[in-house]
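To keep things simple, chains are lettered A, B, C, D, E and F as they appear, and every chain counts its residues starting from 1.
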Amino acid sequence: MTDLAPLAPDTLPRLAEVSAATVSMQLIKRGIRRSAMRGPVPLDPGQGRLVGEAFTLRFIPAREDVATRESYGAAGSIRDAIEAMPADRVMVIDARGETAAATLGDLLLARLKVRGCLGIVSDGPVRDVAGIRQVGLPVFCAGAAAPPSIAALYFVGWEQPVGCGGVAVFPGDVIVADEDGAVVVPRALADEIAADAPEQERFERFALERIQQGAPVKGTYPPDEATLAAYEAWRAAEDAEE
Amino acid sequence: MTDLAPLAPDTLPRLAEVSAATVSMQLIKRGIRRSAMRGPVPLDPGQGRLVGEAFTLRFIPAREDVATRESYGAAGSIRDAIEAMPADRVMVIDARGETAAATLGDLLLARLKVRGCLGIVSDGPVRDVAGIRQVGLPVFCAGAAAPPSIAALYFVGWEQPVGCGGVAVFPGDVIVADEDGAVVVPRALADEIAADAPEQERFERFALERIQQGAPVKGTYPPDEATLAAYEAWRAAEDAEE
Amino acid sequence: MTDLAPLAPDTLPRLAEVSAATVSMQLIKRGIRRSAMRGPVPLDPGQGRLVGEAFTLRFIPAREDVATRESYGAAGSIRDAIEAMPADRVMVIDARGETAAATLGDLLLARLKVRGCLGIVSDGPVRDVAGIRQVGLPVFCAGAAAPPSIAALYFVGWEQPVGCGGVAVFPGDVIVADEDGAVVVPRALADEIAADAPEQERFERFALERIQQGAPVKGTYPPDEATLAAYEAWRAAEDAEE
Amino acid sequence: MTDLAPLAPDTLPRLAEVSAATVSMQLIKRGIRRSAMRGPVPLDPGQGRLVGEAFTLRFIPAREDVATRESYGAAGSIRDAIEAMPADRVMVIDARGETAAATLGDLLLARLKVRGCLGIVSDGPVRDVAGIRQVGLPVFCAGAAAPPSIAALYFVGWEQPVGCGGVAVFPGDVIVADEDGAVVVPRALADEIAADAPEQERFERFALERIQQGAPVKGTYPPDEATLAAYEAWRAAEDAEE
Amino acid sequence: MTDLAPLAPDTLPRLAEVSAATVSMQLIKRGIRRSAMRGPVPLDPGQGRLVGEAFTLRFIPAREDVATRESYGAAGSIRDAIEAMPADRVMVIDARGETAAATLGDLLLARLKVRGCLGIVSDGPVRDVAGIRQVGLPVFCAGAAAPPSIAALYFVGWEQPVGCGGVAVFPGDVIVADEDGAVVVPRALADEIAADAPEQERFERFALERIQQGAPVKGTYPPDEATLAAYEAWRAAEDAEE
Amino acid sequence: MTDLAPLAPDTLPRLAEVSAATVSMQLIKRGIRRSAMRGPVPLDPGQGRLVGEAFTLRFIPAREDVATRESYGAAGSIRDAIEAMPADRVMVIDARGETAAATLGDLLLARLKVRGCLGIVSDGPVRDVAGIRQVGLPVFCAGAAAPPSIAALYFVGWEQPVGCGGVAVFPGDVIVADEDGAVVVPRALADEIAADAPEQERFERFALERIQQGAPVKGTYPPDEATLAAYEAWRAAEDAEE
């Protein structure tokens, strides 16, 4: 990921404040309809949001001659991937949607936390759920499964382009995940989306107020001219308050 | 829905007191086996029951030339459907089981609440889950998804017969939804089922007591003659107490 | 099940202390990769673990001429199966993964509790969720559905080999189910797995400590010689403490 | 199957002349909507129809400790089932819709032919397709797969009630399979359906003629009074011709 | 469909000469990625192409109180839809991907042929396959099923926007179906695609020749400048020959 | 693939003579149960077998910003993969089971033929079926689809480990595909399986003869001592004949 163009300094902080739903709408505006993963959901309701640059892992289906317990200690295993991952990354795991085995358990999660990982997104399950909760990293996954990865999957590499939950993820893309699920922001679009998304959310805050006060959605969202004018006034007033 | 025969005055209040499981059994008694939707589950565990007449919405798969952001403001959009819906209805959304996009978010939910909508049943996901919780209407759906409807669906009309979760729903059918899921009561059967269901539940309350006291299920439920006699006595005693 | 070789006296108590994830790993060590069911998840987050010998039930798809309400009272119904089940068993239900009907509701659960049943594992849904919670047995299933079994299934027998969640279950196999899901231990392997599993968990407890203190996973789990030596010391110290 | 009431002598010959589509309609008339299997299709386009009494086989998911190559030679294997099957039966295999392994290959098919088996219906695949074609029995299945059964399934018994393609099949039920798929006739309904089905087909032959001559379907099928009168005449004329 | 803008006179004849694959590429060029149905395949390998304007039918899931045999003769049935359909249309059936019942059999097909229907596209199965073959209309569908529609579906209307095989279809859209499947051309794009597609196919004919003569695909398709020049020459030569 | 140990000279010729079913059984004997792909079937019934070393291609889900028509001509496209492939390889395409787009059409197939490719195995569809038939290479795939790859997939590289039809494939593994489907032989096992498989088939030829002459399968396959003795004699006789 060393060759990637750097993100603007406030891109990640801004994206950390906006919802996956907002980001998804910003992406559709730019012609990207396939950005929201199907499969990963929050492991725990209260675990919080997860925003950061993707570090990708890739699995293929298991075959009994290679997906052995010995493979866990071999060169090129997921253990090496964890050590290769810089701090402050979101680990994105392409588990091919396989639900018969878990790619991570509490021991690997504990190490990931020590290594500064922000959290996990996977289209497969995790294991040792009780232990994972104690580690305390946000995990978006397809529930839990008792078997270790080798029961159904084999690890083949990291920092490659992958698919996760039906969406393409390239190393360095930005993940925004919350209760609505995980959305992938192409790295090249991250700066402009981070710039525009807060304004969208501000307008939606205004629109929600109006709707709760009795305005119909039509004319309010998307706004007609009168709503836009009212918004300008509302925004000016709010800015003045600060 | 103007031409529909009115329901008996106590039909909805009675159905509000009985479970989806009871209603499903009453329907099977009348030859209706396909009444329980697959897909919609409670968005929040404690959100409560949802009982009322259906107001239907219909989506088809999205196509990029029509499912645009502009379509949200166009005539015939879901915004018009919301305004056309009378108060005290359950909005039933045929989302074709599509999980890649959400048909409703917090802004539309807020307006629905203002309009007197009782709650939502959809075989697709919703978005802005955090905001939807604040609105506080009961929502039965297929989880959450960040993308807005146009990412995968296109709205085509309201108050038509639809399918939802694999079940036929006609405008004016009665929805009974609780933790066991959403069941559709054909309007023509609603009065008689509302009349019979409370008695079924009363008997089941009795049967549960007996079973907890050590009676085997066989002979108790369904009841043999001795159980029926005991039930008559129990019921008479309970009636006398009141 | 009368002809089955008895389990060692401490097999069930030991398995009651270890996780489904640990058991799954022990099974893979012995060449069994297909042991974890797909489908059954805990009905309630806090319901606790379920460990015991399986008593199996078998359903086939419903046909309208046999799957009638009358069949509930007939000889050979699920009511007879419940009475035939010895105490301290886990009821394992082969519902063929059918989600359109529930095989059990609160009345049957209440009787099962009276009969000393330990809990339920099914690859289909249950009904009367509110009532089931009050009964208080641990239930691992595929969510909830309002319709009774005859809406989609027909009961055909008990204590036969079955499939559940894609895994073979023979009467007398041992079930270990927790938040990670339900795992089936072939009866012939139960004693040796119960003997080995606690040691695996003890080592993992040690490994977790080391990882939280900064050790990389590589060399720690699976352990290299240095880790093994450290573990021996740690174990000796812990034993001395007691 | 020895206790089953015998079928009327012309039941099977009559059913051999009518289509699966006709039989399905006759079943719906009698309240049976779940009679057509999903999964089994003709292995070869020109293989012809298959009509006869069901002899059932049952598989569960494989487990590595029991689904071994040695199990093929053990007591209670599919080899014993084949020898236990009377001549002139249709073998119906409950393969649980598993597509990762085949329950039958050319050697078993060859033996089935020698034993007088009429043909095969399975909701899983077969193997050795080239060899099976040479045997020449009609086979309705879910395509082909190279692995033998033990790769994914384990045989557990015969002549039990089973599910196949989502439909209940009891030993002695009658199978009618053609290009439209395989339909199960409950044994108790076989005589009356065999009595009525030919007349339905005769009327449909008449209706098709009328439609090809320009009659609209409405009024022709289902018939109005004029069509019924015309049919009576047509039938009388046809009878006279013979 | 009476208000629809007419197609250019040579639009349908031109589309009749180009492949579904070509049309799909032309649509992607114009931003339409969701145009190819999943589900409908040719019923018979040699049945030929199907090109024409869509006339849509819509089904919802069956419910036992309305999906009766009597409904076949009622007002608003599929029989009325057939009579309402103008000649030279492609009937597109939204069967919701349901595979448990067939929406059409040989009698309806026979009438459709008399009425001048060009062929059928459905995301569900048909029945009476043998009879349908004799009628001789091209049918793109999801295989065959013995049961009539009411076993699983209920007809609710025609000439509405529908979904078929995961794609939106509006009355008057143009269907292009061949061995590669069925593609929907939005009516508003039909003229320009019909204008451009033949040229695309001509170039591909040239490119195939070049590749068979040893040219690598790179530089040939998509073409570089040298290839474009060669193509101009080739085209001029071909035009001169005619 | 340059570092791979060479196969024994007669490994590929021997595997070219044995069936996928035989190879699958040989793999199970060696502990490999996951070797047969689910998804790829012969595109044409009479296309013949396909045996050779795998050259792998990998796709991920499409994203609108990268999966453009321009990407077809870019560095690292599938066009480069084709040129990088040595002659006499089987191209194995990991299309992630995606059925909404085709990874190959007639132009690429034509080039593959010129380049000496033996045939194609993919868990997704192909397009231009009519043109592909004229090229004449054996193709095992998931049917046909009109859209080009970019409608749903994005090409990311070649000669990496991939999954195809649920099975791991490493560059240099050996593919054996026939009417029963495609089986993957781990390269390290190819020599010994090629050595043993013909003998298995010879014995099966003998067993089939015996069964057709009236021997039960039990005792014949797997063979008991008498059968083994008879086989020795049969083999000796056959050897003598040559």
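Keep in mind that, in the parts below, a residue touches a chain if its C-beta (ideal position, glycine included) is under 8 Å from a C-beta of that chain, and two chains touch if they have at least 3 such contacts.
In this text the structure is predicted, and so the values were computed from the model without any measurement.
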Partner chains that chain A and chain E have in common: B, F
Number of hops, chain B to chain F, where each hop joins two touching chains: 2
Shared chain contacts [chain A and chain D, defined touch]: C, F
Homomeric contact chain B-chain E: same or different residue positions, threshold half: same
Centre-to-centre distance between chain B and chain A (centres being mean Cα positions), rounded to whole Å: 33
Chain centre separation in whole Å, for chain E relative to chain C (CA means): 50
Multi-chain contact sites of chain A, meaning residues that touch two or more partners: 33, 35, 64, 166
Arrangement of touching chains [line / ring / star / complete / other]: other
Pairs of chains found to touch, sorted by chain label: A-B, A-C, A-F, B-C, B-E, C-D, D-E, D-F, E-F
Chain C contact footprint on chain B (complex, rising order): 19-21, 23-25, 28-29, 33, 35-36, 38, 41, 166, 178-181, 183, 204, 207-208, 211-212, 214, 216-218, 220-222, 224
Footprint of chain E on chain B - complex, ascending: 31-35, 60-67, 96, 154, 156-157, 160-163, 166-169, 184, 186, 188-189
In the complex with chain B, residue positions of chain C that touch it: 64, 69, 72-73, 77, 79-80, 82-83, 99-102, 105-108, 110-111, 114, 127-131, 143-148, 150-152
